Amino acid sequence: MPDVSPTRWHLAHTTWFFETFLLKSTPGYQVFHEDFEYLFNSYYNTVGEQFPRHRRGQISRPGLPETLDYRRHVDQHMMELFSAGEFDGRGHVIELGLHHEQQHQELILTDIKHVLSRNPLLPAYQTPTPMASGEGGRLEWTSVDEQLVQAGHADATFCFDNERPRHKTYLQAHELAHRCVTNGEYLQFVNDGGYRRPELWLSLGWAQVQQERWTSPLYWLRRDDQWHEFSLAGLHALEPNLPVCHLSYFEADAYARWAGCRLPTEFEWETHAAALSMEGNFADRLTARRLPIHPRGAGGEIPSKPAAMFGDVWEWTSSPYTAYPGYQPASGALGEYNGKFMCNQFVLRGGSCATSSDHIRPTYRNFFPPEARWQFTGFRLAR
Amino acid sequence: MPDVSPTRWHLAHTTWFFETFLLKSTPGYQVFHEDFEYLFNSYYNTVGEQFPRHRRGQISRPGLPETLDYRRHVDQHMMELFSAGEFDGRGHVIELGLHHEQQHQELILTDIKHVLSRNPLLPAYQTPTPMASGEGGRLEWTSVDEQLVQAGHADATFCFDNERPRHKTYLQAHELAHRCVTNGEYLQFVNDGGYRRPELWLSLGWAQVQQERWTSPLYWLRRDDQWHEFSLAGLHALEPNLPVCHLSYFEADAYARWAGCRLPTEFEWETHAAALSMEGNFADRLTARRLPIHPRGAGGEIPSKPAAMFGDVWEWTSSPYTAYPGYQPASGALGEYNGKFMCNQFVLRGGSCATSSDHIRPTYRNFFPPEARWQFTGFRLAR
Amino acid sequence: MPDVSPTRWHLAHTTWFFETFLLKSTPGYQVFHEDFEYLFNSYYNTVGEQFPRHRRGQISRPGLPETLDYRRHVDQHMMELFSAGEFDGRGHVIELGLHHEQQHQELILTDIKHVLSRNPLLPAYQTPTPMASGEGGRLEWTSVDEQLVQAGHADATFCFDNERPRHKTYLQAHELAHRCVTNGEYLQFVNDGGYRRPELWLSLGWAQVQQERWTSPLYWLRRDDQWHEFSLAGLHALEPNLPVCHLSYFEADAYARWAGCRLPTEFEWETHAAALSMEGNFADRLTARRLPIHPRGAGGEIPSKPAAMFGDVWEWTSSPYTAYPGYQPASGALGEYNGKFMCNQFVLRGGSCATSSDHIRPTYRNFFPPEARWQFTGFRLAR
Amino acid sequence: MPDVSPTRWHLAHTTWFFETFLLKSTPGYQVFHEDFEYLFNSYYNTVGEQFPRHRRGQISRPGLPETLDYRRHVDQHMMELFSAGEFDGRGHVIELGLHHEQQHQELILTDIKHVLSRNPLLPAYQTPTPMASGEGGRLEWTSVDEQLVQAGHADATFCFDNERPRHKTYLQAHELAHRCVTNGEYLQFVNDGGYRRPELWLSLGWAQVQQERWTSPLYWLRRDDQWHEFSLAGLHALEPNLPVCHLSYFEADAYARWAGCRLPTEFEWETHAAALSMEGNFADRLTARRLPIHPRGAGGEIPSKPAAMFGDVWEWTSSPYTAYPGYQPASGALGEYNGKFMCNQFVLRGGSCATSSDHIRPTYRNFFPPEARWQFTGFRLAR
């Protein structure tokens, strides 16, 4: 799976970012190893050649000890940078490096999960923890009238360049579901022949279903004539009230069509989310619970308004990933961070159970190709 | 090239459309040949299985005589249908079949051009005709203020379902170039190393350039140290003042980035075009001139306002091909015509020199994947 | 199917051979068309670049009329060469060109058959003719003691270079079946799960069966729960007493293993064949009967000794295609005819129903990769 | 590289062999882990499904500690088997398991070498040791007259089934070189445009050279305008007097053609080797010297007769890997060990610097596809 990288690579790459974009321009700094510029460059053409992505898993050196040495070396120099206060004008780059590392922390988890899932032993990464039982409950809808709204990041606090500039856009009248689609609901789609009915799918989606022989979301497995789900805690019976997770844009779109609804646009999503507090099931808040669950209100109830928009699962929107009007990428290599990927991808919002709580924003735009399933992705309906 | 089909297939398929969607439901009608339902079904899953697209060129039967018999048979039955006036309620389907045939007439030309271009003999499809010399002339811009506009088809006349419903959308302040980018202008981009500078390209575009070893638009060739262009009239020296043609969305986007501009959105394009008359260089109006040229004003001058928005070349926009708010595909098989392709494609506007003049509209949305180059595609700048 | 070429290409190529290897070195000769050297060069690196094999089917020019003009032009010049008697020392090359054309005459038939077989209409190339009913009859065996024998072409008459030099080789004691395996016998293998039992197959063969989903020889089809066979006369019920045909070395080897036997070596085959007259079902002798049949003896009986070793089907041997001891290819381009293919192919003997009767010899070595099925290939058993 | 497996896999697989073919049929034996039958089955269809070869490198569990536990568990039970003397009739299987493990010990080294070679850091597996300088010296030839000889394993001592039965074969008069081709000699071929001259290559070999862009043997690298070679001791300057190593059958065949010679047949090789003692540079005899060198005679001289036929490099022969007359594979799964691979591979003889000295025999037949380069392969000339 060419999108998956070893943990060792993620550790080296996030450190490479600080070395490359901050330390290298610091007078007197000596690179840790001259070959690491090439080995751990993910996709920055401006920096130089990149070791091919699909071969990252074939590199056994540097091993873990040397990789940790690399990290310590760079961390130490960064600390010196902080002490000397010598980073004026590059504060944004440091902040970017930290957010970048948070993104890779999430990828470490998704990649480990994928590697373990491809092992017939289906090993568990961590011990199982008791899960909230919860109920899906009847789907409730919140209406919004048509109106002109603002979208995009509003102030000078940190954001990625693709969240700017703030701009006007026209929202159509619509309704948004109060929660994400659950395993139980998605199972109805499966049992109604969802994966065998081409009329429910985009053309590219139906081609993908046939070519890859999809019959369910990525980590669902049939065992003893029952559906199970593979998680970082190993294989367990499918929990009907969890948000369905690890499915592609194609599957979310097909379910929505089957249900007579649609996916929300990113601007519909943002308008609702901006009104909420950013509470949810994140990587740090809920200890070791790498499974998405519905947060409950204070009295244990499932909120009826759109809630749980943050954490749990990244929510697919119907919006292709494009540039906001007036978008300007940063100059130099850091301009390669987001803008050059604005093609053939769809926007996801809200963060997941593997995202850090201080990483997400209502305006945060994640993006993946429509066939990607190895991220913690789910969706909610709109109509 | 799996996107290209033999002329014989196009002839049979356009006739198949009438047989399948009109004649088959007519009492007493006998299909011409029972295997043609499968052989000439392009992609209508609702109708049944489809003979694989990439194998269309390997079928030597039915030969041309039998294919023409098939067409005569269906035309005859359609005429009977008209005489009997027995098509109430299906008038839209007949209209759709006629517009469908116009689309395939254009594809016949693009496909013939591609097949001949892959032959080392570089055969000409037709005799060359003298071309308007023209000058590119200085690029002029028309400004538009930000405003809420309506987009989409307005009345009950024919359109494809993807042009509806008419809806409000917010236009940002912008400027649109008065003409398309020319060969001469694009050549400057080529000579400035455009195809060797990754920072100008979307990530997928740069990957495409490297994998396919692109160094120019599709039909440009180096001969005797000069650029030539292959056309349906054979190989000829590159004409600097013609609109650059047969290039991908990736190349249009890279040129725009190089020029410090961008591609227009489809709604910007539509707003300007709706104000113009639909005059231009089409397949029928200008005899046998399959090469795009700039139409001139009455005094031979090149118009300065946005003009030539119709005909010549389909113009890439920056808009991914998506559903308009409230979009509903037709029910049944005909709902497979447009909607299921709304993924990983970009919208083109305006028609080309191979389009029939009565086929195009300001709201007409053509769509192709970003790497496609075998259609008559060009672009104009916005900023 | 990259091994298959259009008939037009075969016609042009066989003419190209005479132009390239004879006429071009004739003073004053003007080539018919300067691009044909490239277009119709099959694989002679010494001559120059070759138009890629898998694209031969995509070239619509030169069309048939121009191709026939090419042939007439070259034939005319060859006649002049004969009249002038100006071919001393090149008599062998002319003879080679004629045998080369005979090889392509056989390929024209196999390639047409393949193209038509891939058309859902399953068109017939010719009208069916009544076939000899025949009986398979009990398999009889001829014994040969171990001995030192001579193999390879013995005299100065024409042969291909790979049939020389004549050399000694040691024959083990063995038995050879008197006829080829029939459809009826092969069907028993099929019905006994032959295509589902990996232990019967070479490793590469089992991989091929799985990857290509083979369940029978190439032109067998199930219709109405019965086996049929596609031939140049269209689809007909499987005839149990015909030699099984259009199967790979892998399938012949698996059947032999299933039957507790083996394939003969090419030297075992040659030793038996050298004792027989070259009678059999060839392309020219039996009018329009492109289906292999057993020739009968004068009284209508099936001969009991090894017979029908010539014609009908090319017989797979267990011998990889290698160089005879002391093998020397011709110098120059014509040395590329046979020697450079001596890798990963197996030898077949005896000619087929599509071979000309004056083309074959007991020492003639045909060769194909073990997965090839589109030639008229069958086999007989040894033990 | 799908042919390469992690060391952890080799360790588990060699242990799996003993568990599967010996312990499982022992009353009361409990398998170590029920999933290991699938995970570590290399290619024994008779035993069951096999985890795909190309995915072996993606399995992180069982980790090294658990794999070593597996080995200890099986070794312990095997020791109990020995103590109890309970292996009558299966002594051959135990012997086979030991020789099988020796084969995988060699593969462990070749696979580690390959993985490290693909790392831009070019890590060394072991510290360099001083190498014998040696000189190639003038090539000397030993003549043999034509004669009938016996080939194959002669007595009841251990051998693989493909070395039987012993049989008569006819040897042509020939000469064999006294040593393998050296780096220095091969370099002359390279510098003479060997990799750019199609007339020197088999057709499949030339296709391979072009497709893979070969310009030298596998582990040769250009650095500072000089040739270097990568070994298990890291990168070092090319040593002209070492036997050229890590090249394909295609390259050996092309060099031989360039030199006006050929490769020996396996029977020519065996006839010469059977007369020699099995001395040479093996994995065990020469400490940590994983680089092939010429063994010297007692006085330090390079022997002039064919010598060094054992150890150093496996020597390509011109013989395709086929069955000896009368060959019978073992019954059951162990019959899958050798026989089913007798297709599209060539025989190599003599063992290499990574082979155990007690593993090799004059009749031992190794085999690889003609494009394989990652084994310790070289060659000597015949004529």
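A, B, C and D are the chain letters, set down in written order, and residue numbers restart from 1 in every chain.
Methods note: a contact is a pair of C-beta atoms (placed from the backbone, for glycine too) under 8 Å apart; a residue touches a chain by one contact, two chains touch by 3 or more.
Bear in mind that the values here come from a model prediction, so they are computed numbers and not experimental data.
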In contact with subunit A as well as subunit D, sorted by label, we have none
Here the gap between subunit A and subunit B, centre to centre from mean Cα coordinates and rounded to Å, is 36
Subunit A to subunit C, mean C-alpha position gap in Å, rounds to 58
Contact graph of the chains (line, ring, star, complete, other): ring
As the complex stands, subunit A meets subunit B at residues 43, 45-46, 146, 148, 167-170, 172, 198-199, 201-206, 250, 318-320, 322-323, 325-326, 335-336, 340-344, 370
In their shared complex, subunit C is touched by residues of subunit B numbered 35, 38-39, 51, 55, 57-62, 115-116, 118-121, 123
